[in-house]
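Both of the next two complexes hold subunit A, though its partner changes from subunit B to subunit C.
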Partner chain A sequence: MNSLDLLTFARGTALNAALAVCAFGILLRLFEIFGLGRKADLSPARPTTPGSGWRTMYARSIPPPGMVRRDPVTYIAGYVFHIGLFITILLFAPHIELIREVTSLGWPSLPSALVDALAVASIIALLVLLAHRFSNPVKRLLTTGGDYLAWVLTLLPLLTGYLAYHHLLFEYTFMLALHILSVELLLMLLPFTKLFHVVSVFISRWYNGDISGRKGVAS
Partner chain B sequence: MTATLAKGINAFKEVMDAPIASFFSSCVHCGLCAEACLFYTESGDARFTPIHKIEPLRRIWQQEYTLLGKLGSMVGFGKEVTDAELAEWESLVYDSCTMCGRCAMVCPVGNDLTYMIRKMREGMVAAGHAPEGLVTATQRAISSGSPAGVKWVTVQAQIRRLEKQHGYTVPVDQVDVDYLVLMSSWEILNFPEYLGAVGRILNQAGKTWTLASDAYEATNSGIQIGSSDLARELVSRIVSAAERLKARCVISPECGHAYTAIRWDGPNLMGRPFGFEVKHILEVLDNLRRAGKLKLKNQKSLTQPLTYHDPCQISRRGGVYEQPRTLLNACASDFREMADTGVMNWCCGGGGGVSANERAEPLRMNVFKKKKSQIEALGVKTLVTACANCRVVMEEALEHYGMDVEMLGLTEVVADQLEEN
Partner chain C sequence: MKTAHPFTSEPGTVGEGLAQRGVSRRNFLKYCSTLASLLALPAGMAPVLAAAIATARRQSVIWLSFQECTGCTESITRSHSPTLENLIFDLISLDYHHTLQAASAEAAEQAREQAMHDNVGKYLLIVDGSIPLGNPGYSTIAGISNHAMLLDSARGAAVIVAVGTCATYGGIPKADPNPTGAVSVSDIVKDKPIINIPGCPPIPVVMTGVLAHFLTFGKIPELDGLGRPKVFYGETIHDRCYRRPFYDQGKFAQSFDDEAARRGWCLFKLGCKGPVTYNACATTKWNDGTSFPIQSGHGCIGCSEPNFWDAGGFYQALSMPITPVQGTLAAAAAAGAAAGVAVTWHNRSKKSAARAAHQKMTVDDLKREEQ
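On to the complex of A and B.
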């Protein structure tokens, strides 16, 4: 198998398999959550409330006052990583081209040099967060093998993408194939690792906001 | 009923629901919940990280309710939850958590950790790993009607004193009234001025009210220890009394967890909505004020600088945070807010049954450093609150730290601001 064969495999069979596993996994995990059900709350909700599940779904992206000062590393590196990753995925011209091919939906891209810088920022943020996981006593206590797995799964697409874009390390076709395969590995394991928060964060935030909102608190 | 590990594990399984599953699914181990918890911020001990306190419950969820966890258990992965482990977790779940809910406000993925701790305690008590102090208080509440063992004769003695002092009759077991008035143990034993104040205010407003001789105590140790069965028993006494006396509204006293117990958990424990309203005393006072039934002197009674301590269950977990401010501003000319306040307040350190758990006292005193620094930053010598438990906990801690700060209950502040008849 030469590089081109590998790329063809990555773009065809592997992509389909990864998408299927990811979709099945997400459905399974959603079923595992919602299948448990939730008892109706019989206490009368407050008639007027500043909060709700929908509000908390987006409002929780903003840190409460005083919290950034308490743990600046987690907040700042966390924002840099997430924003950098989103922009790299969604506003990089070749990615938009791929999405357009598959879905015929497209949107304008950001200059590639800027996306490149943000991808590097994301990688640095991931390294900072890893170092923080080693040094911060709370994170050290909470950390499991799953956290390192999720870290590697997230780093690989960023790193291989960066190397492919700059024609570094390996020949371009081979690097691009590795990049796509790393994304596929991420997709397949996303539902079964903490990376599932990509989906479940909307559910947990909604419940949080709903529980508080009915009591008249915007959480 | 004897408690066993099997019963505990069963209880863990019974409390599992979609919110819990979504919370465990979303946790990314960022550790930010610790930064919102005063047990961590004041000690630096990582074991006090809120999500860590729920670890045994998480493993039950993973092993029983996820495919991957089940497969893992089958091939020998997945550490079983043991009796020894729960014994070790007991102090984390009960001594170092007041169920204040501050962590639930900051968790970036939206985990309501208080909701999880409450569920965790169901399994802990069923497994026989609840602290002795809380177990005793709950047993007393079931047998005598009050966690502090307060009997009706004690209340009667208080009634007679109040009647002499204020010159009005305290109605007992009156039928068809606007309000059924409840008290917490502390209000019966330490702060009789609460009942005196409520009576003066409701009488002036022309409202009918009563005490019930079989349901005068609102404190619910069942909620604190985490036993729905016991919590239901305690709530049902209030519900029967309110229905028998045809009260249109039950007033939850200046007590945080009592409010949670009857206002939010009550109908769910009973499995039916109530035919009467449940309001915290501050809501009642503010409603009376808005209806023009609370006639207050223009001259404010309190002129010294003072601040208000939000009881967690009243503000963050109860939604009553504007009313105390409106009321206090009507009575005090120099009301100063603490830096973190309202729904982001810091707990007194004694909620959620911690104050009934003697073993937790050193921890409780240590975490009060947070409140101490908040009070000192304002330079006030008067601290108003609306929870008798917060008040007792803070009065003890103020004494412990040798702080010259006076504490007042907001209801009595409002009563003292009433126009003379």
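On to the complex of A and C.
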């Protein structure tokens, strides 16, 4: 199998398989979570605070007062990583073409050089966050194998994409195939690792905000 | 007064042939300088190249055409005659070529056998077209199967040059479902040096350039992992494309006739395969350096890459899926939802069963236990 064959496999069979596993997993987990059900809360709600869930979705997306100063690495690197990744995925022209083909939705792209710079920023942020995870005793204690797996799964598409764009390490066709395959690995494991927060983050924030509001701890 | 001719006029040499055709030394040196630059050699090598080509014996060449469309021959012969490339090619001793030779039938086959006999171990074997392994009868010449003729002709060859994507990688005959069981030259011949010059068809100057390299240095040029001369196939079309700055700026044509296309913006979104195609089209260009597909407004189809025919639609952007994924997505989502419902049902029935099995205790029960 030569590089173009590998790329053809990545764009065809492998992509179909990865999307199938991803869609299956996401729907399975969503149904499972929503189907859990809750016991009827027989106590009356505390002073009603409508919209607590919605406010929490926003409030937890920005750092609480004083926390950036207290833990700058986690917050700053966390934001740089997430914003960089978001833009790299959604505003790079070839990525938009893929989204347009699958969903019929499209939007303008950013210049490749800018996306490239943001991808580099994301990679650096990921490395900083890993180093911090090793050096901070509390974080180290809390870290499980799943966290390292999620880190690797996220780094690989960024790194292979960067190497492909700059024609580094391997020739472009092979590197592009590796890039697409690494994204497919990410897609397949996304529903079954903590990366599921891509789907569940705002659902859980709403739920936490709403249940807390009901108990009198409105945000 | 008899003037000394600029070329070494030993009989049978390329120089003699060129002199007979009235090619001036100036023109010949210009050609050699172009060749030197094409082959990425230092400028000082041009006279060396000239001397070597002029004094080279006319190289015996046997050209075999198997499952092909004659496009490769068309390419090499349609180089705006009379160009020097063409003359150089004329001045090799093309001892056997179906399309170009005057002889036919047994006389033609005799020419091949004679050339093989006279130049054993020295002749250059050029092959275009793929070789069918499904059934020997799919493609025969004078009753000889392509497979048998290739093995027979390869035995005494110094070097084999596979010309065109069919000979180098199987090409269109090998495209799925490959009804003839087509394979490339390198799938069959394992014990001879093979130079692959892919393309559908290959660029004429690439063919003559490789030939000139062989005549000059007596050895094959540096090849990449797919057997292609690095000097011509070292970079992608995309890397050398004059539209590349538009790709970097995120400026793309959305259709073949929109304003962006007229301004010459990048054709990536229209399916250009330039980023994964290694060839020299963007630098040497076609039709005597006039243009190349991207310059005339169409994306690269990647014709010099192995299995390009099965690598997705020509008008699908490289980042697009090769096969539609919507059906797969819908089916997988439905299956996921069904599995989710099943798991939920299982969880809830477990909960109900636990609730049903739950035994309530009264204060009296506790008192009885104390007694």
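For this structure, a couple of remarks:
The rule is short, and it goes like this: the second predicted complex is superposed on the first by the 203 of 219 C-alpha atoms of A that agree within 3 Å, B and C clash if a C-alpha of one lies under 4 Å from a C-alpha of the other, contacts with A are read in each partner's own complex, and residues count from 1 in each chain.
As a working rule, a residue touches a chain if its C-beta (ideal position, glycine included) is under 8 Å from a C-beta of that chain, and two chains touch if they have at least 3 such contacts.
All of these numbers come straight from a predicted model, not from anything done at the bench.
In this superposed model built on subunit A, subunit B and subunit C occupy separate space and fit side by side.
By the touch criterion defined above, A:73 reaches neither subunit B nor subunit C.
Contacts of A:140 after superposition: subunit B is touched, whereas subunit C is not reached.
After overlaying the two complexes on the shared chain, residue contacts for A:176 are found with subunit C alone; subunit B is out of touch. Judged by the touch definition given at the top, the superposed model places A:41 against subunit B, while subunit C stays out of reach. Legend: residue contacts after superposition of the two complexes on their common chain; A:192 is shown touching subunit B, with no touch to subunit C.
Using CA centres, the angle subtended at subunit A by subunit B and subunit C is 170 degrees, rounded to a multiple of 10.
Residue contacts after overlaying the shared chain place A:109 against subunit C, while subunit B stays out of touching range. Annotation for subunit A, partner touching more residues between subunit B and subunit C: B.
In the superposition on chain A, A:152 makes contact with neither subunit B nor subunit C. After overlaying the two complexes on the shared chain, residue contacts for A:29 are found with subunit B and with subunit C alike. Contacts of A:128 after superposition: neither subunit B nor subunit C is touched. Per the superposed model, the minimal spacing between any CA atom of subunit B and any CA atom of subunit C is 8 Å.
On subunit A, the surface patch touched by subunit B in one complex and by subunit C in the other comprises residues 28-29, 32, 35-37. By the touch criterion given at the top, residues 28-29, 32-39, 41-44, 46, 49, 56-57, 60-61, 63-67, 70-71, 74, 78, 136-144, 147, 150, 192, 194, 196-197, 200-201, 203-209, 211-212, 215-219 of subunit A touch subunit B in their complex.
Against subunit A, the residues of subunit C that register as touching in their complex are 226, 236, 239, 247-250, 252, 268-269, 275-276, 278, 302, 305-308, 310-312, 316-323, 325-326, 328-329, 331-337, 339-341, 343-344, 347-348. By the touch criterion stated above, subunit B contacts subunit A in their complex at residues 16-23, 25-32, 34-36, 40-41, 44, 46-47, 49, 51-52, 65-68, 104-112, 115, 263-268, 270-273, 277, 315-321, 339-340, 343-344.
Those residues of subunit A that touch subunit C in the shared complex are 2-5, 7-8, 11-12, 15-16, 19-32, 35-37, 93-95, 97-98, 101-102, 108-113, 167, 171-173, 176.
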